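Taking it in order: structure first as structure tokens, then the write-up.
Chain nomenclature is as follows: A, B, C and D, assigned in order of appearance, with residue numbering initiated at 1 for each chain independently.
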Amino acid sequence: MSMTLEKAEAAVKAAKEKAVELGTLMNIAIVDAGANLTAFVHMDGAWLGSIDISQKKAKTARYFDMPTGEIGKLSQPGGSLYNIEHSNGGLITFPGGIPINGADGTVIGAIGVSGSTVENDHAVAQAGVDAIS
Amino acid sequence: MSMTLEKAEAAVKAAKEKAVELGTLMNIAIVDAGANLTAFVHMDGAWLGSIDISQKKAKTARYFDMPTGEIGKLSQPGGSLYNIEHSNGGLITFPGGIPINGADGTVIGAIGVSGSTVENDHAVAQAGVDAIS
Amino acid sequence: MSMTLEKAEAAVKAAKEKAVELGTLMNIAIVDAGANLTAFVHMDGAWLGSIDISQKKAKTARYFDMPTGEIGKLSQPGGSLYNIEHSNGGLITFPGGIPINGADGTVIGAIGVSGSTVENDHAVAQAGVDAIS
Amino acid sequence: MSMTLEKAEAAVKAAKEKAVELGTLMNIAIVDAGANLTAFVHMDGAWLGSIDISQKKAKTARYFDMPTGEIGKLSQPGGSLYNIEHSNGGLITFPGGIPINGADGTVIGAIGVSGSTVENDHAVAQAGVDAIS
């Protein structure tokens, strides 16, 4: 079990459909188990700044095998992981990044979505995950 | 006339088909007129180091509105653009990046391809360009 | 007295044993007095994002000759070292990095550990320090 | 088949023994299939600048699944891959990096060695590869 372009494109397709359903314009990135980029799309008119954020969310989710928002809870001022975002060339720790598991439960990659509220970003990422898990 | 995800995906699809025809495994990146990433795919088993190179080729081609290989002729020792690769966070100036023109001839973006010989990289990039020009 | 590979490997070995005892998967880095990397190990299945964090913790501890968590107390909003993490290519200031002293009390390097809670990270780092101090 | 710390440490041990046999002081790095660092050692007195070079050699060898010196033949002035070193945050394309294959022939990672002549660097890297292939 590992990330493939076929799986990545299925996740991107499902995420785009969810983005349309929510009336949002998203950037969607998929990374493999090594946190290397497998697929990316920028929906027409989506925020340019979110091109990088979506990729950093995907990497962050794979780097720690948890949704990015979980890390963000711990990286606040006074939190146990305060300013962890300075590592790894820059992390993004608010919602929108989710690990992707293979059939045997191992992490095979992650999806990162950016372009709307963090709630919408997370929902679109989850749609991508659900399409291939 | 501008780059759209629909055009970018059409270019990626044509490029992938050409890659398969040539028996190669490619990384394919499309950028828009602002040199921002619009779409990217990593074919299964393609070189990991070419993820970055394909994106840098696309950006380089749009930065100077010419095929990357043309810039590479001028960036050699003694050439007029010697070591231009140090700019813009790193350029790639060997073949595989080609600007994409809109119907009115203005540049709307570029494609960058990396994963095989520079001749194959260029041929696959050209197939992407031809699909939407 | 200075850091040697023999000492670094003894510290890594002790840290790994503590990590196993705690049921954790850790990244462990040792730097010398010049804050240069002497030894590093990534335990199988440990977080990929912690490869960089463990090294940044070790460097941070040596840069300021104190446990990373002590710096983190001062880098909070309103604190005297607010956002010091922006320096030196990125610091990590939560627990898990500890200076290592030679027999005469001078600092000869530091250890950085990342892969679990900051309490576990610190405990594993301390085990490494204890093995060679 | 994938890189493990046990394999990485076996490769490092064999490489160190070869370095001693050759009377050299080396930095030795192992990366996994995702080009992430698995193990690293700096022999006492080895060049500090080679800490980074050994890691970049290992990454370069995995990025393109070939010995780094092969890439260097093509990245010379006038060569087809001139200045490829500007990609991926910096590549090293002279000898000393070699891919590591698993039992089924797939690439599971790479070793990078730096600290002496490129001939010695390559020989030490090869000793590491031979120990676990």
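In this section, a contact is a pair of C-beta atoms (placed from the backbone, for glycine too) under 8 Å apart; a residue touches a chain by one contact, two chains touch by 3 or more.
Predicted model only: the values in this text are computed from it and were never measured.
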A-C against C-D, pair bridged by the larger set of C-beta contacts: A-C
Chain B and chain C, separation of their C-alpha mean positions in angstrom: 42
Centroid spacing, where centroids are CA-atom means, of chain A and chain C in whole angstrom: 29
Chain C and chain D: spacing of chain centres that average the CA atoms, whole Å: 25
Chain A residues counted as touching two or more neighbouring chains: 32, 34-36
Touching chain combinations (by label order): A-B, A-C, A-D, B-D, C-D
Chain B contact footprint on chain D (complex, rising order): 34-35, 60, 62-65, 77-78, 80-84, 86-89, 91
Chain B partner contacts - residues on chain A that touch it in the complex: 4-5, 8-9, 32, 34, 36-44, 48, 51
For the chain C and chain A complex, residues of the former touching the latter: 47-50, 52-53, 56, 72, 75-77, 83, 85-86, 90-95, 117-118
Chain D to chain A touching residues, read off their complex: 32-36
